[in-house]
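Listed next: structures, encoded as C-alpha cells.
In what follows, subunit A forms one complex with subunit B and a second complex with subunit C.
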Partner chain A sequence: MPYNIAMVSDFFFPQPGGVESHIYQLSTKLIDRGHKVVVITHAYEGRTGVRYLTNGLKVYHVPFLVIYREATMPTLFSFFPIFRNIVIRERIQIVHGHGSLSSFCHEAILHARTMGLRTVFTDHSLFGFADAGSILTNKLLKFTLSDVDHVICVSHTCKENTVLRASLDPVMVSVIPNAVVAENFQPESYLPQAQDMGYMRPRPMPHRLGPDDTIVIVVISRLFYNKGTDLLIAAIPRILATHPNVRFIIAGSGPKAIDLEQMIERQMLQDKVELLGPVRHEEVRDVMVRGHIYLHPSLTEAFGTVIVEAASCGLYVVCTRVGGIPEVLPAHMTTFAKPEEDDLVLATGKAIAALRSGRVRTERFHDQVKMMYSWTDIAQRTERVYDGITGAISEQEFYGQYPSASWNATRSRSYVLIDRLKRYYGCGIWAGKLFCLCVILDYLIFLFLEVWAPRASIDIARDWPRKPFINDKNKPVENGMLSRRGTDLMDRRNGSLVIR
Partner chain B sequence: MFTGTTQYLEVYLPSPTTVSFTVTTRRPRRPTATSTSTPTSKSRFKHRLRFFKSHILTLTVLRHVVRLVLVFYALLLNVAKAQHHRHHHHHQQDTTELNCAFDKYAQLALQLSLGGGLVKTLAERTEWWILVPLSLAVIYLCLRRDYVEESLLVLQGLGIQTSTSSRYFFMGATTTFIPTTQIQDIVIHEAFQGLAVRFYLAVIVEGATEVVVVFPVRQDAFVPRGSIDHIMSTI
Partner chain C sequence: MAPPPPSTPGTSSTTSSTTSSTTSTPIPSPAPSSIPPPVPVETHPNRGKPQVNRLGPDPSRLAPEDAYKSFSPPRLRPLPEINGSAAASAAAAALRPAVASLRAPPAIPPVAARLAEERRRAASRRRKQPHVWKKLLWIKQHGFPDNYTDTETFLDHLQRNPRLQPYDFWPLVADSTVIVQHVCSVAIFVCAYAGIYQDRLSPVAVVTCGTIATVAGWLVWDHWMGQEEAEEMAAFVKGNRLSVDVDDGSSTTSSGSAKLAMNGHANTNGHANGSLGGRGVGLKLSTTNLAVKDHEAKPAGKHGQSLSKSSLQSISPIDPLGDFALPDLRSTTSRPQLPQTPSMIPSPPALPAFVSPRNQARLKTLKSACLIYFALLGLSPILKSLTRSTSSDSIWALATWLLIINIFFFDYGGLYVPTRSSKTIAPSEITHSTLAEPSLLHSHHSVRAPPFPSSLSTNAALMASTVLASRLLTTTAVFSLTLFSIQVFGLFPVFRRHLRHRSLKLHLLLTFGLVTMSTCGLGLILSKSYTHTYGNCGFCMGWIWHVILRSTVGFVVGGFSTAFVMGGCSWWLIGLQRYKNVVIGPWDPAKPVLAGGAYGRSRAGTD
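Then we have the complex of A and B:
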C-alpha cells in the first residue's frame, strides 16, 4: 500500500552532512517505490518556502529561528499550526523524524501523535550518559520516544544506545543501516559492468605495490574532538618515522585544524602531509582515489558512512573499534585498532605491510560494497517498518513471536489520550508529570486549532504524479492514480521525452 | 486569523475572447455566479433573492447617499463650531474679505441644510477635543471600503490586466496591464503565509526582478479555495 510520508528534520540540504543525504536518498528511493514523500525542515539562508527537488520530492522550508549548529529553538508548541496545515494539505499518514538533536523532529512526532498519525523516528548518532548536555538530550528523547510507533537505528550499537537512553522495548527498534551511492564512489580504474559480458568481463588486474612505492593514506573527516583528531595528530609523526614511503592527505575543517597545522610545522612534515581544507561531498571521491589506505580515527561513530565510501573507492580501511564501526564492513576490508595512539600506529603498520605483500585485493572492494549497500534495499526495509506500524502486515509477523515473554502485550500504540498519558507518566517522578502536562496542552491546542482553522478550509495540495507502486514481490503494481506519469503539458514544459 | 474571511469568485465572460475573474470579500451581487460559498437551498430563498436582485441598485445608491450625508454633516458641525469660535473670541477684529466670505458661506450652508439650527446648538455645546476626533472617525468609517475586490481580466492575444480596488470609496482601482509578449509564464505555487501554506497565482514578467502575484493585497485576499484550478483551466 502506498503511503504519504513526511520526513521531518532540522537537517536538510543545502547543508551538507550524513543525516541530510540519508533523508534525501531514502526519500528518493521511497518515491521510486510509489510512495509520496515530503520533507519538512527549517528555512536556510536563501532557501525558504516550498521547493521541489528532482523526482518530485517536495521540501517545506518553514521559516523558524535557528539557534545552534542549524538546530531550531525548541518551542514545543509554536510549530504546531504550520505543521498541522502541511500534514492536512499533503494528506500525510506517516511522520518520520530524523536526528535526535533536531527539535523540529521531536515536536513533529509529538504533534503527529496528537493528530492521530503513525510516527517513526530514526536515530543517527550515539550519545553518552554522563555529561549535562547528554542528560538533557536523553530526557528529551525519552519524552518523544515514549509515544513513538517505531524507532530505526543505523547500527546495532546505536540501537543499544538508544534503547538504554530512551528506555524502549528493544523489539520496537529496528536496525537499518545507511548506504552509499556506489556509482559515485568508483575506483579510478574501474570498468563498469556491461550487461552482455557476464563472466567474460575483464577482471581488474591486481595492482601490486613494490617495497619502495609510495603509499598514500587518506583522512577525510571534520576535525573535531569526537572524530579523533587528537589521536591522528599524535599518530602521524610516529607512522611517518617508521614508514618513510608513506604520505598523508587530510581533508576537512574544524576547530582542531590549528593543532594539526602546528604539529606539521613543529615536526617539519610539510612535504609528507598534505592538508586540503574543507572538500565538498561530490569531491570526496576524487580525493579518496588518490590514496591506498583510509584512516578513520574516530572516537565515537554510530555508523560511519565514510568508511563504506572509502572501501567502495577501493581503499583499505584502518579504523578504531568504536561504536557501530565494526558492524559496517567485513573483516577483509579493514584493520581495527583500539582508540589509542600505540594501537593505531601498530594497526596502520599492519595495513601497510598487508598492502605491500599483496594480501588484500582492494580492486574487488567496489563490487562487494555495491552488493552490500544500496539505498533501494534501505527503502525496502524502511517500507516494511511502515507496513508494520500501519498494520499492513500482522504484528506477529512484524515483531516476531516470543511465546515465553511476559511483556508480550500489544505493541500497536493507541491514540487515546489517556493511554498516551499513561505512557508519558512512566517517564520519571517529576518529568512524567511535566510531560503529561505538555501532552494535555498539546491536545488542547489541537482542539483549538480544529475550531480556529477548520480542516475544511485547508486546500489539499496536488500530488506529484506517482510512480507505480512496487509490492513486496518487487513487481510494479498500478498505483490506481494515473496510468501515465504526468500530462502532455508537463512533458512539454519540462522538455521531457514523451513515451507512449 | 489565518484562514481568512469568506471569499467569492465571480467569472464573467463579456466576449468570447475575454474572461474576467473577480475575487471579493463582499457577498456576491449575482447569486448565480460561480462562487465558492456553500450553495444555499434555492427553493427557500428564491423570493428573497429576487427581492435582492430587483432592489440591488436602489440599495447601493441608498447606502452611498447615507455615506455622503453623514460626511456632509460631520463637516458641517466642524464649520459651525469654527464660526461659533470666531464669534466668541475675535469681536470684529479681522474683517478681511476671506473671513467675511467664509462667514457668509457658513451661514448660508447652515440655513439651507436640514436641521441647521440643531447642528448649530450642538456645535456650541460640544468641545473641540470631542468634536474633531469624532467627526474624523465618522468620515473615515464612511469612506472606508469594507471589502476588497480584486480582478483579473484575460484578453486573448492581448494580455492580462489585474486590478485591485482602493481602500476608500469614490477612488479608482489600481490596475496593471501585462501584455502577452512580456508574459514568460503563469505559475501556481505555494508559499507560507502567517501560519498556513497557501496557493498563489503569479505571472512571471520578462525583465522584471519579481513575479507579479495576481491577487496580492491582503493576507485573506489570496485566491479562494478550489478556484485556482478553475482559473488555470480557463487561461
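Then we have the complex of A and C:
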C-alpha cells in the first residue's frame, strides 16, 4: 500500500550537500512509486513556510533557532506542537529521519513514537568513540535509536559503526547505499544508444593515451583536515616530480586552501596545478570530465558519493582505503592506497601507468556505474523497509528465518508506553532514567496537546495528485482515477534503466 | 595493522568445536540452507536471554552480539553454535572466500573482471548455485535482504584494546617510587622551610647539609659520566672506522655520527656544569628538554643555542646579571654545549689546551657554580623584602599551588632514558647502517618528548621557593633556602634519574631514605608541643628524646601510609584496567602518515 512519509532533517535545500540531495532524490523516487512524501526541515534564510518542489514534493520550513552549521538547537519538546500539527494534517504514517547530527530528526523520531507512528532513521556519517563530542553524540543517538523501528546505513562500515554506537540489533539495520543520477554525470564523449543492445552494443573506440599525453588528475573536495588535504599537499609535488606530463585540477575551498596555495608557490607549480575554488554541484561534472584520474585522499568517509560520480564520468579513481570506500566501487575502477603519503604517490603512479598502458577501459565506466547505483533501486529497497516495519511483509520474511524456536521475541516495536520505557531504561545507569523522564514528559505533552488542540480541529491537507502505486513486482496497481501503465514506461520515466 | 585473516582461527576453532558440539549437543541440525540463518541475538541489555555456551575464545575476533554487550569478553562466536552441525559449518566455510574479496582486492585485469561479472550475471539468470554474500555495495546481493548480517564479516575489522599492556603489581610499585621520591623531596623542602621559619632549624645547617650532599652526588655523577664517556668513545672509534666511507659523502650523515659520539660528552658537560656549583641548575632539566625538542625539528647544531635561550628563561633573575657583569663567564654558562655541533670542537679556545675535556667541563661547572652562588648572595637582600606588602596567607596559598604544579607537571618519564637507549644501541647501529642512523636517533629523542615543558615544573618550584623565602627574616635564611631549593628541585632530579638508571637497588635505597627523611621531618614539624629552638638548650636530653619520639612516630605513620598508598594505587590501577575498552575500527578517521622528507620538513616551518 502507498504510504504517507515525512522526511525530517535539519539538512535540506537550499543548502547543498550529500544528505540534502539524498533526501531529495529518495523522496522524488518514492513519489514516483506512488507514495506521498513531505519534507520537514528548519527555515533557511529566505526560505520559510511551505514550498512545493518538482514532482509535488512538499517542504515544510519550520521556524527554528539554528546554532551550529545549520543544525538546530536541541530543545527536545518545543518542536512537538508544530510537528504534531503537520503529521495530522498530512496524515503521515512513517517518519523518516536523516543525519545523526540533526537534532530535528532525533526529536521528530521521539515525538513520532509517542504519537504512534513508525520511524526509520538513516545514518550518513561515521563517528569514532574516543573524543568528547563523539561520546555525546553517541549517547544522543542511543536515546533516539532505542525506540526506532528500523535504521538504514549507507555502507556496511557505517552499519557496523551505528550498531556499535547505538547498541542495536544488527538485523534491525539495513544497508542501502547512496546513488548517483547517472545522466547528470556522463563522460564527455558519451552517446547514449538504444537500450536493448545493453552490454553488447558498439562502443566508441577507446582512444589510448600515449606515453607523452598529458594526464589530468582531478581533486574535488572541501579542503578540510579530514578530507586528507595534508596528504594531498604532500603528495602533489612528488607526483609531479616523477611524472612530468601530469596536471592537477583542484576544486573546493576550506581552511587548508592556504596551505595548498603555499605549497604551490613554494614548489613553483602554478603551471601544473590549477585551483578552481568552490564549484557548485551542477558544475562538478564539467570539472570532472576534464580529467582522467580522480584522486580522493579522504581520511574518513561513510560512503563517498563523489567517487561514484567520478567513476560515472569515466574517471579512474585513486582513493584511500578508509571507512566505507572499499565497498563502493569494483576493483577495476579503483586503485587503493593506504592513508600515507608514500603509498598515495605509489598508487597514483600505478594508476597513471595503468591508464597509459590502456589496461583500464574508462569509457565503459559510465554504463557500469549506471547499472550499480540508481535512485530507483534505492527507493525500491527503502520501500521494502517501510513494508517491513508496517507489517506489509511478514516479520519472518523481513527479519529472516529462525530455525531454532528458542528465541521468539518480537522485533516489531510496540507503542505501549511501558514497553518504550523499558527500552529506554536500558540505555545506561543515569542516562536510562533521564531518558525515561524525557519520554514520560513527552507523553504528557502529547496528552495535553490532544486536549488543547484536538485532532478534529486540524484541517487535512489535500494531496498532490498521486502517481500510480508500483508494488514490489514493479507493476502499477489500481489507484483511483489513474489508469494502468506499462512497466517499461514507468521505468523509463523513472530514469532507472535508460534515458531516451 | 590489518587484523589477521579470520579464516585460519575460524577453521581451527570450527574443526575443534565441531567435534565437541556434535558429541555434546543432541540438537538436530536443520538442513543447510543457501542463506545461513541470522544469529538469534538479543537487541538490548534489558531483553534478557540466557547466553548460549561459548566456545573457542579468540581475542582478536568479535561476534555481532559483542557490538552491544559492552562487557562480554571479545571472542569468536563459533559457527557450530549458530547452526549446530558440521554440515552447516561446511556451508559457512564455503562462504569464507567472500571474505577475502574485501580484504585484499587483487588488481584484477579488466577482462578478467568482466568475465567474472558475466559469469556472475549468467549465474544469476540461471539461479542455480547459491549466491555468496559479499561485503560490497556495488553488486546486487541476490537473495540476501538489505538487513542481512553476515556473521563472518560483520565487525571483522574491529580491534579492541589493541595496545593493551596488562600491568603487574610489583613492577608497577617499583615504577611508582619515582613519584614517591619526588613527593618526598618536596616534603623535605617544605619541612626545611617550616623549620627555618619557626626558628627550629638553622638555615646554615640546612644549606650545609644540602651542599655536602650535592657535592657528593656530583662526585658520583662525574664518576659515572667518565665511565660512560669512555664506553662511548670506544664505541664511536669502532663505528667510525666502519663508516668512514659514508661520512665524507653527506653532511647529515657525518653530523649524525659525530653527534652520536658527542652526545654523552655534551651531556657530561651540560650536566656537570650545572651540578657542580649546584646552582646553574634549575635549568638543567628544562634546557635538555627544550634542546631535545629543537633537535627533532632541526637536525644538528641547534643544541647550544636553544640551551642558552632556555637558561635565560628559567633563571631569569640570575642570568642577566651574569651576562652583564661578567661577560667572560657568559661563554661558560651558555656555550658548553658547543661541542655538540657538527664542527665538533673539543676545546673552546678560552681554555688552555693541555686541560682534558673533562677537566675543562669541571672547571666550567665550578665557574658557573661560583657565579650563581655570588649572584644569589647578592640577590638575597632583595628577595627578603620582595613580598613584604603581601599577606602571609596569600603566600602560603600561592606556594601550595606552585608546589602542586611542580608535582603534577614534573617529568617523571625520565629524560635520561632516551640518550641512554640510543647510546646502548648505537654501536650495533653504526656497524650495519650508518645512513639510517640519524633518523633513528631522532626518533629516540622525539618519542620521549613530554607533552608539556618540564621547565614548567622546575620554574614553579623555584618560584615557590622564592616567595617562601621572601617571608624569612634574615638574609642568610633567604640565601640558604633559595640555594637549598635549587639543589632540591634543580639538581636532585637529575641525580635521581641517573641513579635509577644505574642501579635499581640504590634507587630503592634512595627511595627508602627519602621516605624516612620526609616522614621524620613531617613528624617533627607537625609537633607543636615542644618549642625548642636550635641551640637553646644545648642538646638537652628532653630535646633529643623529643626528636627521637616524634621522628619515630612520623616514620611509622608516614612510612606505612606511603607503602599503603603505593600498593593501593597500584592495585587500584590494575583493577581499573578491566574497564579499559578502546574500540578501533575502519570508521575511525585515519591518521595521515606524511613521509617527512624534504617536502614535509620545509612545511614544518610554516605550520
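Simple rule for what comes next: the second predicted complex is superposed on the first by the 465 of 500 C-alpha atoms of A that agree within 3 Å, B and C clash if a C-alpha of one lies under 4 Å from a C-alpha of the other, contacts with A are read in each partner's own complex, and residues count from 1 in each chain.
Definition applied: a residue touches a chain if its C-beta (ideal position, glycine included) is under 8 Å from a C-beta of that chain, and two chains touch if they have at least 3 such contacts.
Values in this document were obtained by computation on a predicted structure and should not be read as measured data.
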Which superposed partner A:Ala453 touches (first subunit B, second subunit C, both, neither): first
Subunit B versus subunit C as contact partner of A:Pro465, first or second or both or neither: neither
First (subunit B), second (subunit C), both or neither touched by A:Val50: first
When both partners are placed on the shared chain, which of subunit B and subunit C touches more of subunit A: C
Subunit B versus subunit C as contact partner of A:Tyr60, first or second or both or neither: first
Touching partner for A:Asn85 - first (subunit B), second (subunit C), both, neither: first
Partner subunit C, residues of subunit A touching it in the complex: 126-130, 146, 150, 155-158, 160-161, 163-164, 167-177, 226, 228, 230-231, 233-234, 237-238, 259, 262-263, 266-267, 299-300, 302-303, 320, 322-324, 326-332, 336, 338-342, 359-361, 372-373, 381, 384-385, 398-404, 406-407, 409, 411, 422-423, 425-426
Touching residues on subunit A, where the partner in the complex is subunit B: 48-50, 60, 62-63, 81-82, 85-86, 89, 452-454, 457-459, 461
Contacting residues of subunit C [partner subunit A, same complex]: 27, 30, 33, 35, 37-38, 40-47, 49, 64, 67-68, 83, 102, 105-110, 113-114, 135-139, 145-149, 153-155, 157-158, 582-583, 585-595, 599-600, 602-603, 606-607
Footprint of subunit A on subunit B - complex, ascending: 2-3, 189-192, 195-199, 225-226
